[in-house]
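Below is the structure I would like to discuss, written out as structure tokens.
Read from first to last, the chains carry the letters A, B, C and D; within each, the first residue is number 1.
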């Protein structure tokens, strides 16, 4: 469904990427994809999900889903609602929105039936292996202490990424591995790929950049060789 | 900001009111408002919030907000995002998505600064009084045991509504009271108004109806006299 | 049931007041009570509750209770278990363990039937009023930003305590008010009493003191006049 | 540390096994151990943990631990408090008290340093594998739909137990597997052992029995051959 490698941009709850700006940022990501062919996914805020999914052709992800069925579940985000909004899949278990393992299990199994793509975040190699046991499409290892620092995990803690890749290989080799935390430049992306990942998950490195187009293009460059 | 009385339709996480159907239902509610002048608010799923707010002129509410600031809060719904999406306000503390009193306090105070309207749900007269102490625009008393039953609180348990109205009068008379749970017909709405409320909060009574237009028009009728 | 004023010592999850040391600290509090007649309550960790309640005659409180009935509720703390362990009551909604308003409502109503005393914490005057609407025995206003600082709320932010006392007087004058955060000395206690409270809630001011007996005796002194 | 096989009795939040009765039940379990040499663990309610651990020599477990450090964590249960109370270890992630995978990871790693034994519950073979990736001492597979039914998982759904054993063998063969849900008799225990587990986790099968001694002795019998 997804053509790898992938750059996945998490809009978080930043006001810089909220409402109209969410659409603007998604369109710039789409532009880079059109110019380079590199897969760029976007994960806007939940309130913007439907609007963004209407406006772009690149893969749009929810940032979170709740482990509930459609029905009497006011204020919750079902996988069905994510699908109906036009998104291709969802992130799960981000360090800022952890859920329980049984909920990840429920959501991954259900997403598969709904043809939704799942990206499950983790914080240590052991938790990465645990999440890979649940067979999502991708796991994304992000040491929380590096998130938002600009210190790239792929260079500062390569052993965490390597160990994650190795454990996933053992537990379930069909699961793809992303890494995140501190990713800002194309060099960081290249380092991530060299460690055995299929791409990166990042947020402030793009959202907080003065020039979104240049920031994304810089990330994509090493993937063009 | 709001012209009372109000009929507030909660789309919950029903698939019948998700995605494109959310826009469809909101437009029918808008049609009834245009024809009758009675305020009808809609609370679509979070993933549909931006899309619905773009499409209609009636008041659009979020079903829930998280007590967090914009920023590194992946998967959370800030009041700012709700505003940026074009909504007029938010429901809080619905029985299916309770939050803590300190979070209601945080959100109500912040919503006031952002000019967002707050509707805080409660389950007993005492909790209604507690929520009114936090000075939201509206409280909505909904005995959970009647939600989704079709047995209207305004007729089956009028004393719960009356006690809520009386306690709110004492604690903070500026707070408006809605009631909900089991509301389906115009008679239920009339009974609610007669108990001292400014309107009703309902979900399945409209969403699960075969003919949305007739269902909403039926609710509005006693308010036209 | 309780003779006011009261000094309530929260053992938190400090290791200095865990296991055998919990019993030791409770016995010293009991000694000061025997010598002075001033009510001193202790709230040991949940794992020590039964042991401490066996060993002392002063009021023993749980630090938290869950809003569940006895039965299939592994890992939860019921009010019945608190009673069976020999405690006199429980703290609820501490800033480090907030629960929802409907849960406070459930627990306060049930505690009354079980003859258990409830102390509900709050963080702002508005939340204090909200909690008082639920009619616990005591509310304890504690601005979180002062907790553990040694800067006493009763001297640094007297207006928060005064406003809380005033709002509780309006909402439900039968509810007693405690204050907490930064309380260390008898002067802080005296200031609290002068603001209209019936006592204080404190933790590190006693638990982290080198000499527990002197620390507690110092707090009690102004109450002996 | 533990001699296998093991029968682990979860007292849940049943009032039948609360306070003084917790000690009584633990002493009967201890009696059966003395008479048969079969390891019987008990997991009393948190409020009874210290009292029970003082009174018996058999392994005492907490039902739950929170992923927090000792300190300002009112109402939470630290591993240190569990150790100070005299328990040998803790259950984690019971179906009635699920926690997140990163919290299980944190707690298992820390328990190892504190020499505490961990039993992590799960609901499906996939989640069992995920929990085994985190290297606790034991995992306990319990399909929630059978808990409390008296329909033993070891006979009604042997494939769930078998698949769990097989996946754990692949992911981390050092982790022992228990099974639970519906276990009542020695036959159920025997079936569990034959499926490759080292024992069972049960609650109502013992706690709700009229004669605790006979109920436990019946469970132990097949292990005496």
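Keep this in mind: contacts are C-beta pairs under 8 Å (C-beta built on N, C-alpha and C of every residue); 3 or more make two chains touch, one makes a residue touch a chain.
A quick note: this is a predicted structure, and the numbers were derived from the prediction, not measured.
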item	value
Chains touching both subunit C and subunit D	none
Most remote chain, CA-based centroid, reference being subunit D	B
Centre distance in Å when subunit A and subunit B are each reduced to the mean of their C-alpha atoms	33
Between subunit D and subunit B, distance of the C-alpha-averaged centres to the nearest whole Å	45
CA centroid of subunit B to CA centroid of subunit C, Å	37
Per-residue multi-chain contacts in subunit A, two or more chains	95
Residues of subunit B defined as touching subunit C within the complex	93, 95, 98-105, 122-124, 126-127, 129-131, 133-135, 167, 171
Interface residues, subunit A side, partner subunit B - complex	10, 12-15, 18-21, 45-51, 54, 62-64, 68-78, 80-87, 91, 94-97, 147-148, 203-204
